[in-house]
Each structure stands twice: as C-alpha cells, then as structure tokens.
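These notes are about the structure you will find just below.
Order of writing sets the labels: A, B, C and D. Residues in every chain begin at 1.
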Amino acid sequence: MVNLTLIIAIPLLMSFTMPIFKMLNQKLPKVIALLTTAFNLLVLTANFSQIMDSAIIIELGGWQAPLAINLYVGPLALLAAFLINGSAFILSIYNLTQDYKFDDKFYLLFLMITAGASGMVMTGDLFNLFVFIEITSIAAYSLTAFAGRDSYEASFKYLVIGGIGSVFMLLGIGFTYSAVGSLNLAEIAASAGLINPLLLQITALLFLIGVGIEAELFPLNFWVPDLYTEAPTAVSGIMSGAVSAAGIYALARIFFTLFPAQSFLNYLLYLGAITLILGELIAYQQKNIKRMLAYSSLAQMGLIVAVISLGTEGAVRAGLFQLVNHSILKILLFISAGVLISAAGSKNIDDLAGLGSKKKTAAFGFTIAAMGILGVPFLNGFISKFMIISSSLNADQFLLTVLILLAAVIEIAYYLKVVQKLYFEDLKIEVKKTAVITIPVVLLTLMIFGLGIYPQLIADPLEKAAAELINNGSYIMTVLGGM
Amino acid sequence: MLTNYIFIPIAAAFIAYILNKRNRKAGAVITALVSAYLLLSLTALYGRWDITQSFNLSLMGYKIDFLLAVNPLSWLFAVMTAAISILIALFSINSQENFKFSSVFNLNFLIIIGSMIGIVFARDFLTLFIFWELMTWTSFYLISAGKKKMAGRAAYRYIILSAGAAYAFLMAAIFIFQQTGSFAFDSAAEFLVANSPAQSIMLLLVISLPFIVKAGIFPLHIWVKDAHGNAPKEFSPFLSGMMLKIGIYGMIVVFYQLSFFKIIENTIAYRGLPLLSYLFALLGAVTIITGTILAIRQEDMKKLVAYSSISQMGYIIIGIAIATPLGFSGSMLHLMNHLIFKSTIFLALAAVIYRTGTTKMYEMGGLIFRMPLTFAAYLTAIIALAGIPPTNGFISKWVIYQALIEKGYLFLAIAAFFGSIASFMYVFKPLSTVFLGQLKPQHQNIKEVPLLMKIPMLILILVIVLFGVFPGIQMNIINQISGYLGIETVNYTLYSIQGANGAWNSLLIFNIFSAGFIIALLLFSFAKKSKLVGLLDTYSSGEYITDAESYHYAYQYYRPFDRLFDNLAAKSLTDFYETLTKNLVRSGEGLRRALAAGKLQNYALYSVLLFVILAAVGWII
Amino acid sequence: MKFRNFLALIIVAVFAFIIFQAFTIVPAAGEITINKFGQADLSNRTASRYINKNVNSDSKKVIYKESSNLESGSANIVTSVVANYRSFDTLGEITVLFLAAAGIAIVLNLEKSEKSRFAAKEASLILNTGIKIIFPLLLLAGAYIFIHGHLSPGGGFQGGAVIATAFLLKMLADYKFEIKEKSITLVESAAGIVFVGLGLYGLITRGSFLENFLATGTVGELFSGGTIAVIYTAIAFKVGAELTNIVKSLIEA
Amino acid sequence: MLNFLEEWSFFGGSILLILIGLYGVITRKNMIKILISLALMDTGVNLMLVALGYVKAANAPILNSVVQTNTAAFVDPIPQALVLTSIVIGTAVLGLGLALVIKIYDKFSTLDISKIRGLKW
C-alpha cells in the first residue's frame, strides 16, 4: 500500500520541477508527464483491494480527521481517480508524438489539470474542493490558449463563466461554514438535516451553479463547445474524459452525500434531460467535427447527470458505467478526430471525406468509438445503454426513457454521417502528414471491447461506488467514526 | 452446440477480411465454404427439435438468461439463410474483381449470416436484440458500400428507422423483463396473456416495430427502395430475399409465440377476424398496392425489383394476419418462393450490371443474344413472380387466394389480384427493355458471365421448377411449423395441396403445360421460320432510318398507366418523413442560434437566471 | 437604460434579494442557520480547536511567550491555520498562482504581437532616484513580513507581494532593467520543490503529508512554529518570483 | 440607525458588491470592465466571508503582549485563512484574464466583447 497523497503530491513536484527538466533536456518533459501518470496509476492499483474493502481516510498534516483537511478515497473516488489518471496516461502516450511550443509549460499544466481533477475527487473538505476546482480550471484556461488564434476567445469566455461559478461556490461555502461551523464534508453531511430549509435551498442552489459549470450542465455549458473546438486535441480529450468526470463526481458528492434531498435531485434530473436533448439536437447541426463532438459530450454529460439523479442504486450504477464508457470513447474520438483534422487541414466534416482509406488507424478509432457511443452490441456502450434504460424504466421515468432513446437516434444520425463520409466517399483533399496514434487507439479499443464483452471487470467497483453514493451514512460514519 | 452456428461465421468473418486483403477472391471462397458447412450441419439438425442451450449471467446486478433453441420455424429460416449465402458467395467470387469494398463486404456478410442464425435460434428478447442490432449495423455498412452516392443516404435512412424501432423494442423488452424477471419468450407470453389486454397489445405492437421496419411494411417501407436499389449488387439478393423475411419471422414470433393472436382473440372482430389482425392484413394490402404502383413507375431496374419485393411482402403479411391454416401455409410457401425467385432476379440483374455497369433500363436492350442464360434465369423468375404455373410462385399465391376467398375478405382479395396482375406489368418492363429490343452499340461486345456466376442462376432455375411441381417438399416442413405453432395443418401430397374450394394438383398442370410446350416447340421447329432482317432494312415513308435506338421503346414504358397515379405518387411518404426531420432539425437550429450565440454576457446571465428560476421553483413547491 | 440592462438589473436584484433572505432567517428550535453579524458562535466551530490548539492534543491554556511544544507553535492563529492546519489549501493556492504565471507567459508569448507598443523611455529622475532608495527597503520589509508571519499579521503571500512590488517599481523606473528568465524560473521551481519536499519529508518521517517535523518552540518567539517559517519562506520566494514573472510578462508583451 | 448600519453594512455591502459585479459582467461590453466586475464580485464574497466570522468586541486571532492567552475572545480565524487563499486565486484569474484581453485586443483591435464572436453556435 502506497500513500494516496502521492497522487497529488508527485504531479505537483514534477510540475514545479518541469522548467528545470526542460533546461536539462528538450525531450524530458513529455517523458516525465508519461511516467508521472503511469506512477499515479500504479499507486491507485496498489490501493485497489484495500479501498474495495473499506474507504481510506488520509489525514493531511497529521491532524485528526474531521478537524482539518482530509482525503477520503472510497470506491467512488477510486473509480473517478482511475478514470482521470487513465485518461491522462493515454493522452500522455498520444502527446509523445506531439510537439508543443513551450512544452515544459504545456506538460506542467497538463499534469496539474490531472492532479487538480484527482484532488477534486479525493478531497474530503469543502474549501479544498474549491481550491482543486480552481486549479483544474486555471490549468484549463491556460491550456486552452495553447492553440493560439481563436482559442484566446474560448479561454476568456470560460474564464469569466468560471469566475462567476467560483463566486457562487465561495458564497455557498461561506453560508455552510457559518451554519455548520465546519468545512469537513462528513461533518456538514451529519448536520445537514438541522440546517434551516430555506438556507439549505439557497446554499444547495449556489453549489448547483458553482459545480454545474464544471459538470457542463445546461445552461451553464456554453463555454464547452468553444473550448473543445479550439483547444489542442489532448486538452479537449482530458477536459471531456477527466475534468467533466470530476465535475460529475463533485456534483454527485454534494447532492448525494452533503445535501441529500429528492428535490435537488429532481432539479438535476430535469437539467440533465434538457442538456441531453438540446446537446444532441445542436450536435446534429454542426459542420465542424470538434464542435459536434463537444455538443455530443455535453449531451452525454446531461445523460449521466439525469440518470445518476434518478437516485436508485441501479441508476447510479448505470450512470457511473456510462461515465467510464464516455471517458474512454470520447478520448478515442478526440484523438482520432485530431489526426483526421490535421490530415485534412480542416475541421469541416465535408473535408474529411474519403480519409478512411488513407488514415486507417484514426478512421478505425473514430468508427469504433462512434459505434461504442451508439451502443452496438459487444461494445461497452451497449451494456451501459441497457443499464440506463433498465434503471430509468425501473424508476418509472417513462418519459425520460423515451427521451434518452430519441437522443440516441439523433446521435446515430450525426455520428454515422461522419463514418460514411470517412469510408464511402471519394477523397477530396490532399492528405497531410500526421502523428501516429496506433498505441492509444489499440489500448482504447481493447478497453472498449473488454468492457463490452466482459463488463464484470468493473462490476464490483461500480456496485460499491453506487452503494457508497446512495448511503451517505457510511461516509459520515467512516470519517467521524473516531469521534 | 447451437452457438457454433452463430459464432463460426462471425469468427470466419475476420479471417475472411484479413485474407481478402491479400487475394480478392479469398473472402468469397471462405464465405461459400462457411455457408456450405452451415447448410450441411443444419441438415443434420433436422428433426431434433429438442436441442436447447442456455447461459446464465449475472450482469451488473441483473440476472440474465440467454436461451437458444431450435424449432422447425427457426430451422427453416436458418437453412434458407445458409442456402442463399452459398449461391451469393459463389456468384461473388468472380463478380467482386473490381469491387473496392470487397473485404468489407465479406466481413460484414459473414457477420450478418451468423447474426441471422442467432436471431432465429434466440428464445429470449435480449439475445434476439443483440443479434438483431449486429445484423442491422453490419448491413448498414454493406448498403453504404454501394456504388452510388444515393447508397449512403439509403443506408442512413435504413439505420435510423431500424435503430429507432430497435430501441423501442428494447424498451418494451426491458419493461417486460422488469415484470417477469426474465427475457425469455415463454415467460413473457405468460405475462402478456395475464396482463391487461390494452397494455399487452401496446407492448406487442412496440415489440413488432423493428420487424415491421425490416419487412418493409407500409408505412415504414421508405428505406427499402433506395437501400435495395443502391446496395452492392451481390448484397441486393440477400437483402431482398432474406433480410425482409427475417422481419416476417419476427412477426410470426410476436403473433404466435408471444400470443398476440391469443390476446386479441376476444376483441372486436370483422368477419370473425379481430380488428387488429384485420388491420395488419389491411397494411399488407396497402403495401401490395403501393409497392406495385411504384414499381411500375421505376426506370431503374434494381429499384423496380425492390418495390416488387415490398409488394410481395404484402402477400405474406396478409396470409399470416388472417391466421387461417391455409393463409399461414400460403404465406410460408410464398416466403420461401419469394426468396428463390427474387434472388434469381437480383442475381440475373447483377450479372447484367456486372457486364454493362449500369442499372438504368433505357440504357440497355437486346441482351438476350449476348447473355442467354441470364435471360433464361430472369424469364423463369419473373414467370414465378407473376404467378404463372408451373412455377412455384403460382402455388403460393393460389393458396393465399384460397384462404382469402374462404373467409370472404373482398378488399384483400381484390388487392391481391391487382398486385398479381400488375406485377406482370412491371416484370415485363425489364424483360422487354433489357433483354429484348435493340442491342445498344456500346454493348456489342458483351459476353455471358463466367461459369461460377452461371451456376447459382442455374441452380435457382431448377429449384423454381422443382418447387413448382412438388410443393409437397415445402409443405412437409410447413406443416411441422404449423404443428409447432399450434395451427391446424393443411392436407397435401407431394404434388398437390388441398385448398378450400378444391385441390391443386401441380403434376397434372405440369403435364398439361409440358404438353403445350412440346406442341409449341414442334410448331416452332417445323413451321415456316420468320426471316431475320436488319433493323434499318425497313420501309418508312421514304425516310431513311439512321438511328437504331429510336426503335427501342424503353423510357417511360407505361406512361399512360403512370399518369393515373401521378397525383398519388407525388404525395410520397418519403416527403412526409423528410418534412418531419426537417422540422426537428429546424427547431434545433433555432435553439442553437438563440442560445449559443457566442455572447459572453448572455452566458453569464444564464447562470444567474438559472439560480433565480430554480429558487422560484423551490419556493412554489 | 436599455431594456436588456433593465432586465439584467431585475434578475440580479432578485438574486441579491434571495441571497439577502438567507441572512434574515429566524431559525425554528433545533435548526441551525447563519450566525447574526458580530455574533459568530465559535464554540461550535472548528475554529475553536485551532484557537485552543487542541486538534490532536488535550485542551490547555496557551500563554504568550510561556507555553511551549504546542501542536502548532504560531502566535498568529491565522498563520497556524494557513501554514499548518490547512497547509494543503495553501499548497493548492501557490499552485494556482504558479499555473496562472505559466498561463500568462504562454498566452503572451505564443504568437508575436502584430501591434507595436508604445516605445519605452527613461523614467524621470525623481522616480529613478526614489526607487533606488526604496528598492532595498522594500526587499527588507518583505523579508520582515514573511519571517514574522507566525508572530504578527503578514506572512508568505504578503511578503512575497511586497518583494514583487519592489521589482515592479524597479522595472517601471528602469526600462533596461531585466531579470533573467532562467533565474526567476529557478527560484520559482526551487521554492515549489521545497514546499512539496517538506510535505513529502513529513510523509516519510511522520507518516502524513505536510506534517510538522520540527520542534514548535515557545509561542511568540521568533524561532517557533516548526515548519511554518520554512513554509512561509518558500511561499514568499515563490509568490515573489511568480508575481514578478507575471509583471515581467505583462510588461514585455 | 447607527445600530442598523453597523449590523447590515457588511452583509448588505457585500451583497451589493456582488450585485454590482454580476450586473457589470452581464451588461458591460468592455472586456476590462468585465474583469473589473469579476474582481468586484470576488471582493464582495471575500468581505462576506470575513464578516461571517466576525465577533463583536473580540480580538484579532493573534497572541501578543496585550492578548496573552487563548481564553480571550477572538474572531474566527478560518474565514480569514480562506479569504487569503481566495484573494490569491482571484488575483491569478484576473492576471490570466488580462493577458487574454491583451491578446484578444491584438487580434480584433477592439475591447468590445459583443464584437468578438468568432465562436458561436
């Protein structure tokens, strides 16, 4: 067993040292980034069985658990951390083939976005959550600007919206602290029932807005398409694969553990459903492939939020599985699309016609991932779609089920348009040289098939994570038990 | 092991894909071998209706049983699939020489074969759904691989309709699963019978949606024309011959095994037939009429045959929907026969396309002298399609007419007769324009297709006549199916079938026809021969004729007839669907322009607005 | 006033009104809510444990310049919260600043500006001379502030900011004045490494990240507070370097 | 009156600051003004946080020669520590925002955000 603090501490150390690495050797930063993410995965793996048994609480600075900052790593946090660091690992492999100007800064920001997201899911302290959200978003603002040109505008918009979000969140933190007298999540959860209902309502809404921005909820999500379109591919990938997952985690943590009330979950349910259908409808319109993927991500986020906020154990499990799948699939989609874009020299879908015969790996990756998202049998999306429909019918949400399926049909419409263009139309443009992405594509494809054919692989973590989320009593007991 | 029948083709698919990259013919050879293996091992399975196989899986907290079993019905469909696949694979060994997507073709084709066998062996909703989706997706890629640009659009329409219907199916299946705790057909049937009829009927209608789409039944038939017309030429016979039928298979499962007929037994009836069944029969009738009229209007031979497939599906649906022993047997007969003669037609057309490279009929003519065997195959097949003895097509239609007349369904009978007569019009059109008439100058040097492409056509001609004379072969398995589904059986001998108003004796008719044929042959051989003269060697009021083509009347062949239905055809259902999607798209467009207008200040406003609105909602509640 | 602005005002005012409602709540028996202004009840808050320095140890009276070997040796309780009880937040905070500095450097240098800036010219004599005098004093003041962070108001951030101000003034006065980018980077990195290194050392020797591993001394003495002073020094260097870096990037853009 | 002012000037004032900031972000078109509005909101929230920890007639949480022991009344140190962090974060965001504004101005030659709509729909 290795101390889990290292998941945050080592990337921090590495990113502080990154400029020095750059001075030593030009190639070092990308290798260091890869090694660090790999190390994080190892640390998580080493702790796996222990966490499946019981949640680990890490007291930072040696101070007793509920009184200062502590990390809480239960099955849910472990799952999310695996997602985040796994995404970062895959994208680091992809990054080996990329050349960035100021690569030391790129990789230090990249590591910090990973560490920030990991911190978001592991922390057990409300204000610490805010700090990690800020680390993640500031790294994201900066990384977005890496593409130059239009990306400044995207970054500025995200920055302003994120700034408003952080104000809302801080207000919420202030109210909570004044009422409860503690910032520890478990202590707040323990006395949430005593808080005056009106104050609870206001505070919860403040958090809903603050964290909803990270979780890409409608109507707080209009920065997302701009950012995903303009940011470098690896950044779009980590944002949609890792950061949005951390956002969902934070949302779930706040509305399941902190303020568990059906009325708030209902808000989330409706917002998620609106996000889903709106995202799909708009994605269908897009001519720009990255923008299309961005709106599709939004829609998926909406779907996950809606399903999780059904609040039954089956639904939470389905939502979490969809979250895992979405991370895997979207990263594959983004890196394949990135290669296709650079091969065609254009983001326009029409210009990608016929690339299937030239850029085989990328086109294959795109197709497999698209089919995974659309839920073709034997791919991972099928299992989660089955679970989602099943659990939403189980919760008597007939309308939501119809909506989800309608959205799935729209999704088919726009993804297949691209796939057909890739394979069955004639090449129109001159193909440019691009990076080789065989390793990440193979790894992700294996995961897609692995989870599609043998989903039991993550059944146990999912089950435990769902159980942890549903029952906030165990969370409180684990942290406050010593008192 | 029933799983062998499913997974051997699927595994072979990937081998075929890899080998085909090295050798263009390898894929088709493997497909042929695998299909032959399937056919052989399926014959060994005949009569062993007790074989079942099941897997229990505890998946993410759901206890799921996957059930496979073989029964006469599924056996018949599996055999049909394997048999037609052999012929198509043989045919495509040569015909795919210049086909860009031949590796993709063989990959997807083998997966389709495997998943179709999976579909018919499935005894529970989930297994059925998994293989159904697999088949839909792979056939999507196959249709997309068609030559023309329209193929993409056609595939697109196909997948969207199919997927929408399949999701509806899944939803209903999961609903039943939650009530019964099992996906199996048996427990579902028990539940549906015990449940309130209204809900059961709704569920079953939803469950039958994907089958209706796949069978191309009005009003969900809009994908058929373009998909069949534009799919790769080797895939069209399978698409039209077999994949439409798998929809019928699904309908039979819904009607009998999921007790749809049992549930609606006591609802309002018309002439002893529950109204819902009558509605299905009526759908069949409408399908016959629209399919026929639209087929007559077509200038593209593959699309023409595609519409003809739609109308033939109508017969099968009528027979099954009226649910009499004769009707059911007639449908099953027609189902088999349609597979046989429709594949023949498509293969003959594929041979023509292989040589000429076009599907527009007015660009061809006079191919009879260049491709005699292809012509013979086509001729036999259209005789069967039009329902003329002594071919198999006549017998099945006769049995269906018998069933309709027996019960006195006037409208349905009229539609059936109309379809039969009018089918003559549309099948004659390609015959006359493609094979007869004047040979186009650019087709002077065309040769008959290679041997490997001839063999499948020859086999099919023989089978058409064989079943035309001995329908008893087919009736044997059909009666086993009837027995299995709990329908009364029909009396038959090897060459006769007992109808309501009398028996059909095909041997007798065959002898009469043979006698007539021999007399005609004698007359033809001994009577004075007509003299062959050159086309331009003719008298025309002092004008010299220089252009041979103007003597071949091929474009807008049935114009006066078409004019009758111009108004009807203009209001195409496709337009309706397109308007629907366009409006959906437009609503998305409006939202997009209003909400995501790139105005940062609005985005900021949204967050405050959301807070205020949710707070207000919280206040009110 | 345009309609849109009016609408925005209404919506924002409603928002403010809702927030305001939170302060006017009269709680029912047993309910908890926001404390009235000036009546914050510390006894129920974690803060009381920090003030009494009894998070890990037993409660006892802490007397200025007398009590020693407490769990947190800082006389300034805010400092003990920032650099001891909640030092993980502080690590995050300097990371944020570090990231922002990196981001600013990227944004400003990624593409060369197409516009010509106003030409820099020499500042007036008064400014130049004044700053020459004030520069070392500012550095000294900054150093005092962060070294005494655990005794008096102030600390690493404040000290670092003052140091950065000194460099800002220097750059304003003398347009030829340049700090080597490499040296700023090195200071920045080294300070960061020291902070994380302290944490890791605590993890290795005491079993917990950022745990204090030095003697805490007597409350109120200069050499007290354990790692606090080291952490604050690292923070001061890091913040000073980062802010200087930001200012430098902005000026050079 | 004085009592009322004393009681509400901090809470009311901070809410007012947030209101002004939000209104500025929503209605101002100049990007610099938008950033100023953001900073105003930040200030408002920080003020509120500190005010939430205020105790009437208590000491600053520092032991010194005047306030010798911890039994004396102190104001809450935690919000003060939080505010310290939040100020730094606000500064970082502001700096990054300003850098972006410089680049955007380079590119579009305008500070009017309503004219910078290269990314939409």
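We take it that contacts are C-beta pairs under 8 Å (C-beta built on N, C-alpha and C of every residue); 3 or more make two chains touch, one makes a residue touch a chain.
Going by UniProt, the chains are A = Membrane bound protein complex subunit mbxH; B = NADH-quinone oxidoreductase subunit M; C = Membrane bound protein complex subunit mbxF; D = Membrane bound protein complex subunit mbxG.
Note that the coordinates shown come from a computational prediction; the quantities given were computed from them, not determined experimentally.
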item	value
Per-chain CA centroid nearest to the all-protein CA mean	A
Chain pair showing more contacts of the two, A-B and A-D	A-B
Chain whose average C-alpha position is farthest from chain A's own	B
Euclidean distance of C-alpha centroids - chain A vs chain B, Å	45
Between chain A and chain C, centroid-to-centroid distance (C-alpha), Å	30
Whole-Å gap between the CA centroids of chain C and chain D	15
For chain C, residues contacting two or more additional chains	8, 11-12, 15, 18-19, 34-35, 40, 45-47, 86, 89, 92-93, 96, 99-100, 103, 107, 111
Numbers and ranges of chain A residues touching at least 2 other chains	127, 131, 134, 138, 141-142, 145, 149, 152, 155-157, 160, 164, 171, 175, 177-178, 183, 202, 225-226, 282, 285
In chain B, residues with contacts to at least two other chains	592, 596, 598, 600, 604-605, 608-609, 611, 615
Pairwise touch network: line, ring, star, complete, or other	complete
In the complex, chain A residues that touch chain C	3, 5, 9, 12-13, 15-20, 23, 58-64, 67-69, 101-102, 105-106, 108-109, 112, 119, 127-128, 131-132, 134-135, 138-139, 141-142, 145-146, 148-149, 152, 155, 171, 175, 177-184, 191, 194-196, 198-199, 202-203
For the chain B and chain A complex, residues of the former touching the latter	59-62, 101, 104, 129-131, 133-134, 137, 140-141, 144-145, 149, 151-152, 155-156, 159-160, 163-164, 167-168, 170-171, 174-175, 177-178, 584-585, 587-589, 591-592, 595-596, 598, 600, 603-604, 606-607, 609-611, 614-615, 617-618, 621
Complex contact set, residues of chain A against chain D	127, 131, 134, 138, 141-142, 145, 149-150, 152-157, 159-160, 162-164, 166-167, 170-171, 173-175, 177-178, 183, 225-226, 229-230, 282, 285
Chain B-facing residues of chain C, complex	8, 11-12, 14-15, 18
Chain B contact footprint on chain A (complex, rising order)	156-157, 160-161, 164-165, 168, 201-202, 205-206, 208-209, 212-213, 219-220, 222-223, 225-226, 263, 267, 278, 281-282, 284-285, 314, 317, 321, 371, 374-378, 382-383, 386-387, 389-390, 393-394, 401-402, 405, 408-409, 412-413, 416-417, 420, 423-425, 455-456, 459, 462-463
